[in-house]
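This structure is in structure tokens; I'll ask about it shortly.
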Amino acid sequence: MTLTDAKRPLQLNDIGQLRHFLSLDGLSRELLTELLDTADSFLEVGARAVKKVPLLRGMTVCNVFFENSTRTRTTFELAAKRLSADVITLNVSTSSTSKGETLTDTLRNLEAMAADMFVVRHADSGAAHFIAEYVCPGVAVINGGDGRHAHPTQGMLDMLTIRRHKGDFQKLSVAIVGDILHSRVARSNMLALKTLGCPDIRVIGPKTLLPVGLEQYGVSVYHDMNEGLRDVDVVIMLRLQRERMQGGLLPSEGEFYRLYGLTTQRMALAKPDAIVMHPGPINRGVEIESAVADGPQSVILNQVTYGIAVRMAVLAMTMSGQTAQRQLESEHAAKEQN
Amino acid sequence: MTLPNPEKLLPEMAAALDSHLAAHGISDPCFIGIRTGGVWVAQALLKARDQNEALGILDVSFYRDDFTQNGLHPQVRPSQLPFEVEGQHLVLIDDVLMSGRTVRAALNELFDYGRPASVTLVCLLDLNARELPIRPDVVGATLSLPPEQRVKLLGPEPLGLEYQTLAPAAN
Amino acid sequence: MPIQILGARLIDPSSGRDEVTDIYCADGKIVAIGKAPAGFAARQTIQAQGLIAAPGLVDLSVALREPGYSRKGSISSETLAATVGGITSLCCPPQTKPVLDTPAVADLILDRARESGHAKVFPIGALTRGLAGEQLSELMALRQAGCVAFGNGLANFADHRSLRRALEYAATFDLTVVIHPQDRDLAEGGIAHEGPAAAFLGLAGIPETAETVALARDLLLVEQSGVRAHFSQLTSARGARMIAEAQARGLPVTADVAMYQLILTDEALHGFSSLYHVQPPLRSATDRDGLREAVKSGVISAISSHHQPHEVDAKLAPFAETEPGISSAEILLPLAMTLVEDGLLDLPTLLARLSSGPAAALQLPAGRLAEELPADIVLFDPKRSTIVGETWHSKGRNCPFIGHRLPSAVRYTLVEGRISYQA
């Protein structure tokens, strides 16, 4: 007996446009490229005196953060405001009992106040999917990070960074270093790079920080940092997430730095024009040497600017897809009546 | 009814533009084409005026008034204005003036760059179908079309015009 | 009331009987098979031509949720749901509130079950007080009160020594211990099988070794103590092989598997549906295939539903915050018939895994169709289908098979000669 459950992918509308932005899984190269192109346009807007466009005027974007974050939250706020949307930000502290009710009730109350879009960050993998599917089906959901599963806007801003500084993905060698096991950024990056045609994606870390089944991402695994960095064009350093590590995965930060820290010496193994990226916040002296983080090859600060443009593109495209779906459904209903 | 040949209209438009600018005491304006057709017309017009001015490109996708009905245009590209708008005389060029909403969007966008000294509007075709009080200063030709017909500009070289018939509205 | 069942194909796995015949029941027993006894006056006749008559199914793991979890289920609702699935005898686990570690709780459960009058209930008592894995429950008192076996669920013992002593105590009095092999430390924090699917979805993993390490330890301690042990809810092919090896060297251990583990794999988790959140977790396709082979060979001699009904809220949250469990007692027979449909088992073997096999594992007075035995019978039509969810009796609708069409349909379930369910 086989169970087939073929449903339309949750985050796409009937004509294949984004209506939610939950994960990079299942999105085509064309769609991701369109997103990057749209982000380019928003970068240009960000360079003007008046950094706003009226696209989402009259609409309300609710940032609902069940997990603390200053960086992601503020860039989403900025992105929504630059689209002329009204923005509400809720920091919901999670209680240990009946979390499910709190989440559902909170969001339904916001929907009742005419929220058009939720940006959600949550400690549980699958939270954004859950909300998109069950809580408020008519409201666009943007995943601002769910557990270890996905951080699709970060993935896309990393891709925009690579495209702007290094060009064609199909010619690049990219290394992702550190705590892949617990990293939603790493998972989103691996998916994006694969979809965009990067032929050489490397993950570097000790066995205890790498998940099983990495083959499904089409990446090469390195335990030796020096080997892994050889001739790469892009180095993405992940934060060593102290608070997420249960005991026993690493002996110490010191040993991690000695073996996997990105030092000036190690950077010399990569291509001379290689770029250094980091989703932030940086742990200086743990995963990266200050000289490298602040050095000429680092594009870490640019990533923040690109992040606003990418998030503007995501908000705009998703709102557009929701609108298109409503249009399609009312046309369909009108046809049914005749 | 046969459509006019844009290549033939351009010299007259160039001359008309020069008169208009002289009459208003405008020298050294900056030229801006509205993507995509307006840019082609602007490039051809600049060639006809035989002057090597820089051309600004305006993409109005983010300023359109139909986002809630039609969503985002899939082919958004960044605008590129290689000059300051603040205090500048501008010549804004589009291919086909129909409802006037594109020009309205373009004006809104320009004003987010700065406060221009003036904006002169040049259109290749005026379809006499305005829904807003927008008036071109220089027009190549005026046409009236039946309701299901549109006109499309072909380009960039040579420029041409062709009819397009819309599909009948769903009942 | 005297009932006669005419023209059914009777399959009794333990005797090997497989023939079209008539069955005569009175006073709760089967009084004759084949020919009516002299003076038999049926008050009810079931025309069973085209139907199969099998021993009422024996399900070793059905959570009734009473006492203590009334939002999830009650003895009345869940024993009824069980009969819909063809089950006439079931074992309920000790995870009630309060835990089934005192005779009073056992009495309550048995009284309620008798009042409800649906499937017969054989409680499994808690091996340790509160299931805390430290102090032994009063096993003999619980046995007197009606507990047929003792288990600690997935909750581990405080240390190996406590586990060993519990097994030896049980062995003293010839009590059967039900073991759910999962090492707490290796499983720590995990909610899904540690494999590519969980890695992709970012769900914390429970490695296969959580089961096999516990199994290795448990088998050796079972051997040392001489206790009669039944291993419940296997999930891995490797685990099934370890049971097979133990059986081959003469250790009299038995094992069961949840029916849904023979169908679903961790691939079902894509999309994050909480309907597939179960403990122990769904594992890989290789594991599922290995378990199916073990069921076929008889290494695993019992299939259970591992019925765990939940209220809607328990499943309406992001995956990690939902409670594990699938409600499926009421479709046990049709769901199990997919194994026949797939060609894995023939019908008598399947019925053995659902009746005589489980009964033998826990030495229950059930699972056989023969004269003088209780008239616990399921009559089903192998040519019809069941559309899952068209009717639903369990309080828990947390069943991923709802909406699917399954082979065969239960028509009558008789418990002690009384029609408990009729389609």
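Letters A, B and C mark the chains in the order given here, with residues in each chain numbered from 1 onward.
The criterion applied here is as follows: a residue touches a chain if its C-beta (ideal position, glycine included) is under 8 Å from a C-beta of that chain, and two chains touch if they have at least 3 such contacts.
None of the values given here were measured: they were computed from a predicted structure.
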Top-ranked pair of chains - ranking by C-beta pairs in contact: A-C
Taking each chain's C-alpha mean as its centre, the one farthest from subunit B: C
Most central chain, Cα average position: A
Subunit B and subunit C, separation of their C-alpha mean positions in angstrom: 75
Separation of mean Cα positions, subunit C and subunit A [Å, integer]: 44
For subunit A paired with subunit B, centre-to-centre distance based on mean C-alpha positions, whole Å: 38
Subunit B - residues contacting subunit A, complex: 59, 61-63, 67-72, 74, 76-80, 108-109, 112-114, 170-171
Partner subunit A, residues of subunit C touching it in the complex: 188-189, 194-197, 199-205, 263-264, 268, 271-272, 274, 313, 316-322, 338, 341-342, 400-401, 404, 406
Residues of subunit A touching subunit B in the complex: 17, 34, 37-38, 40-41, 43-45, 48-50, 52-56, 316-317, 319-321, 323-324, 327, 331, 334-335, 338
Touch list for subunit A against partner subunit C, complex: 1, 3, 5, 7, 10, 25, 98-101, 103-104, 122, 124-127, 129-130, 134, 146-150, 184, 187, 211-216, 246
